[in-house]
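Below: a set of structures, written as structure tokens.
Both complexes shown next keep subunit A, but they swap its partner, so subunit B is in the first and subunit C is in the second.
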Partner chain A sequence: MLIDTDVHERVMYEELLPYLEQPWKRYIEDCHWIQEKHMPYTQPAVAGVDRADARIPDGRPAGTDLSFMQQQLLDANNHEKAVLTGALDPSPSSMHGWYEMATALATAYNNWQIDKWLDQDERLYGSIHIAAQEPWNAVKEIERIGSHPKMVQVLLPIDDKLWGDPYYHPIFEAAQRHNLAIGMHHNEPPVYYGQWPKYFIEWHTLIPTSHMNVVTNMIFNGVFDKFPDLKLIMIEGGFTYVPFLMNKMDQQYTDLRHEVPWVKRMPSDIVRENMLFTTQPLESMKKKELMQIIDQLGSDEIISFSTDYPHWDYDSPDAALPPNLDDDLKEKLYTENARNFYPKF
Partner chain B sequence: MLIDTDVHERVMYEELLPYLEQPWKRYIEDCHWIQEKHMPYTQPAVAGVDRADARIPDGRPAGTDLSFMQQQLLDANNHEKAVLTGALDPSPSSMHGWYEMATALATAYNNWQIDKWLDQDERLYGSIHIAAQEPWNAVKEIERIGSHPKMVQVLLPIDDKLWGDPYYHPIFEAAQRHNLAIGMHHNEPPVYYGQWPKYFIEWHTLIPTSHMNVVTNMIFNGVFDKFPDLKLIMIEGGFTYVPFLMNKMDQQYTDLRHEVPWVKRMPSDIVRENMLFTTQPLESMKKKELMQIIDQLGSDEIISFSTDYPHWDYDSPDAALPPNLDDDLKEKLYTENARNFYPKF
Partner chain C sequence: MEQKVCHKEDLQPGEMMESTLGKHSIVVCRASDGHYYAFLNRCIHQGAPLSKGKLCGAPAPTDNVGEYNFEKDGDILRCPWHGREFDVKNEGRMLVNEKYKVKNFSVSVENNDVIVYN
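On to the complex of A and B.
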């Protein structure tokens, strides 16, 4: 059995139309509004950012069809649960301007997700998408569907305000109150001086640096002191950078905690108590190497297996982890750590 | 004995005047030109960014007096060699505009460094500062003093062009031809959307992410394929992030090398063959933890001890490394790795 913490369903824009009111619907239907383009790279793999074999036989893109996903992913791997993380690219959260449309799109997307996915398969759990440009509207959306039993987290954008900013406090308060985790799924931060790196391989290598920024910023700005029960899941950034970051933050906290007196726990304790890291994309490693990293983390309970289906660098539950892991550890990585992390599981 | 790979001498601006011609001299003397301010933080420690006990007894700032440095650092720790990394803040390289003055300041600084430090103590080695805004002028400066027997490296700026850019090729070519390493000393990159993090502790924790950017960018843009003998020293970023970065780059290279066909070696091999990482600021760690990291690096020859004298987070050669290391390893960390790295040692 597997609880898969990162699965991407994808919407075709026309599917959102029934969930949109005017004038937003007309913007898409009559004015041919399209999402921003955002990836300045050649394709990483033959089918772009998707697995070639995940394309729907009728020609629709990967991730758009529930029954195909059931067959290729959920049934094939004996999934107990899968958390949908979406692919409305770019997220409404990263639209600049068009705030009302961003809010309408987020609401439409959430309703579509519930109708077409969460209500159709008991294994599927969802992510609340918000338009964080207007935090009070985002809070309204969390209030509206936050108590849906299958909505387990709120995805926040990576934009010009890092998540330690008090700007997000109302969102954290609402998430905590509704037993929702906060999720970071990397979404295309400019890595350097507002510029994309020249090559996809650079950008893709450096994605974890955005995760380091967010974790560091939230901890030292006191988010987990103000919201001690808030859960943070770091998705698609991997976990092999975490030992470095924990030790570095602890050392800095030891030297400089007078600057941030509101931070009451050692940063590594906050990481272990409030966070979960999804495994994909897993570097290839031997059992000994994985055990070394777990030893450095000081916990085997803060990482959780994810496939990132249907993307090109999908990790297979059968092959991605090194062989011959102890059953106890496998159970933690495949199911128990996610089960203990999400307040609704 | 110790080869210390990061020691900061500091210039008082008036000391540069004899090394400057008009009109630059007049800009400082008559027009009260001052360097840009750049640190928006409260002081990390009681004496700002310096060790309180490193202030010169006559009141001058830490790092400005050779005999005081000799007594407090070089003699006290039995230094065999120390590489000066400067403290002309901000470096001429990061001045925007004022290009001719930046060039004049770099030249003045280099001459002052040779006169007042390198020629005065046989243990001291130096860094060539350049105004990289005009790479052909920077190359002229490298030609002018690159063969000085005690100049061992060229320090490059962290600015809006990462070092994989072909823009820097003439500089790399000149450095390689003069047996000079290229040095990255962190100098205040904006970490996130061009903004400083709110707190010093965040910025200081995240400094290694700039090092990750530079290493990744240089490798995948083919710098070490075009200049296979070029040596890169990463100063004051520590080394505990390197195992993560090596594995991540290798995994990405395995998947995506079709995008960067000019890269001929595994990234981790390039790291091990062309780079050296200075240890400071060392996280506190036990021997077992250090040995684990060395095991993950696949080499005990790419890290080299540094003190970062006279800064507030100075690492003492007696106390910073864990106790009871094998003599062979200590010799590598304290002297041999630096000796083997610098072409002029």
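On to the complex of A and C.
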């Protein structure tokens, strides 16, 4: 069995139309609005950023069809649960203006997600999309949909904003109150200080650095002191950077606590008590290397397997982790850690 | 074991198809020179079905940053997931490290039939 903590469903814009009020609907229908895009690279893998065999046979993009996902992913890998994390298109919280449109898109997306995915397969759980640029409207959306039993987290992009700033804390207060985790996933362009590096391979190699920005920012801005029950899951950045970051933050905090007196626990304790890290994209490693990293983390309960289906760097549940892991560790990585992390599981 | 997998004209140069050899899923490739090659249809990395990838070319190694010389068009089998490149005319060896290869099978053409041996 598997609880997959990163599965990307994808919407075609025309599918959002029935869920949008005017005037927002007409901006897509009549004016052909699309999410602002920046990636300058040509297709990095055989089928762009998707698995070539995940394209829907009728030609639609990967991730757009529930029955195909059921067949290729959920049934094939014996999924117990899968957490949908969107395709970051649209990504309301990544918009650099027109936050009213972003708010409308978030609401439409959430309603579409519930109708077309969460209500259609009991294994699927969802992420609440918000337009976080205006926290008061984001909180309204969390209030509206946060009690849905299959919505398990609020999704925030890792982008050019650092969400730990107290300006955004009402979002975390609302999430905690509704037993929702915060899920963070990188969008475009999360590294190089908001700029793109020259090559895709540079960007993709350095994605964990953007996750390090966010973890550091959330801790030292006091989010987990203010909301001690809040859970944060870092999605698609892997976990091998975490031991270094824990040590570095602890050392810095030991020296520089006077700057952040609102932080009351050692950063590494906050990481272990409040966070979960998804495994994909796994670097190749032997069992011994994995066990060394877990030893350095000081816990085997803060990492959770994810496939990243249907993207090109998908990790196979059968082949991505090193072989011959102990059964109790496998159970933690494949199911138990995610089950214990999400307040609604 | 030997098995007829297709007719000659079923594949044009630069095309590939999935087939079976006994209990194995295999991928049969027709390279740019018209010759046929057969491999286990399973990437050595995480087991992706190679037949769902692309038979394509690859930029040649170069000493000059920014220089792209696309070569071997129709000879490189690229994995549908992570994009690893295998040279079908070099025993299925991986371009980035020739030490690693996809399992290959012998192929012959008899009359109009393409036959794979294990």
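The rule is simple: the second predicted complex is superposed on the first by the 335 of 345 C-alpha atoms of A that agree within 3 Å, B and C clash if a C-alpha of one lies under 4 Å from a C-alpha of the other, contacts with A are read in each partner's own complex, and residues count from 1 in each chain.
The definition used in the following text is that a residue touches a chain if its C-beta (ideal position, glycine included) is under 8 Å from a C-beta of that chain, and two chains touch if they have at least 3 such contacts.
Everything numeric here is computed off the predicted structure, so don't read it as measured data.
After superposition on subunit A, the partners subunit B and subunit C are accommodated together without colliding. Applying the stated contact rule after C-alpha superposition, one finds that A:197 touches subunit B and leaves subunit C untouched. Between subunit B and subunit C, more residues of subunit A are touched by B.
Contacts of A:44 after superposition on the shared chain: both subunit B and subunit C are touched. By the touch criterion defined above, A:313 lies against subunit B and subunit C together after alignment on the C-alpha atoms of chain A.
Residue contacts after overlaying the shared chain place A:53 against subunit C, while subunit B stays out of touching range. Contact with neither subunit B nor subunit C is seen for A:167 once the two complexes are overlaid on the shared chain.
In this overlay, which is a superposition and not a single complex, subunit B and subunit C have their closest Cα atoms 5 Å apart. Of the residues of subunit A, those at positions 44, 313 touch subunit B in one of the two structures and subunit C in the other. The touching residues of subunit B, counted against subunit A in their complex, run 41-42, 44, 160, 162, 164, 190-195, 197-202, 204-206, 208-209, 212-213, 216-217, 220-221, 238, 240-241, 243-245, 247-257, 259-260, 281, 283-285, 289, 292, 295-296, 313.
On the subunit A side of its complex with subunit C, the touching residues are 44-47, 51-53, 312-316, 318-320. Within the complex formed with subunit A, the residues of subunit C that make contact are 45-49, 52-54, 56, 78-83.
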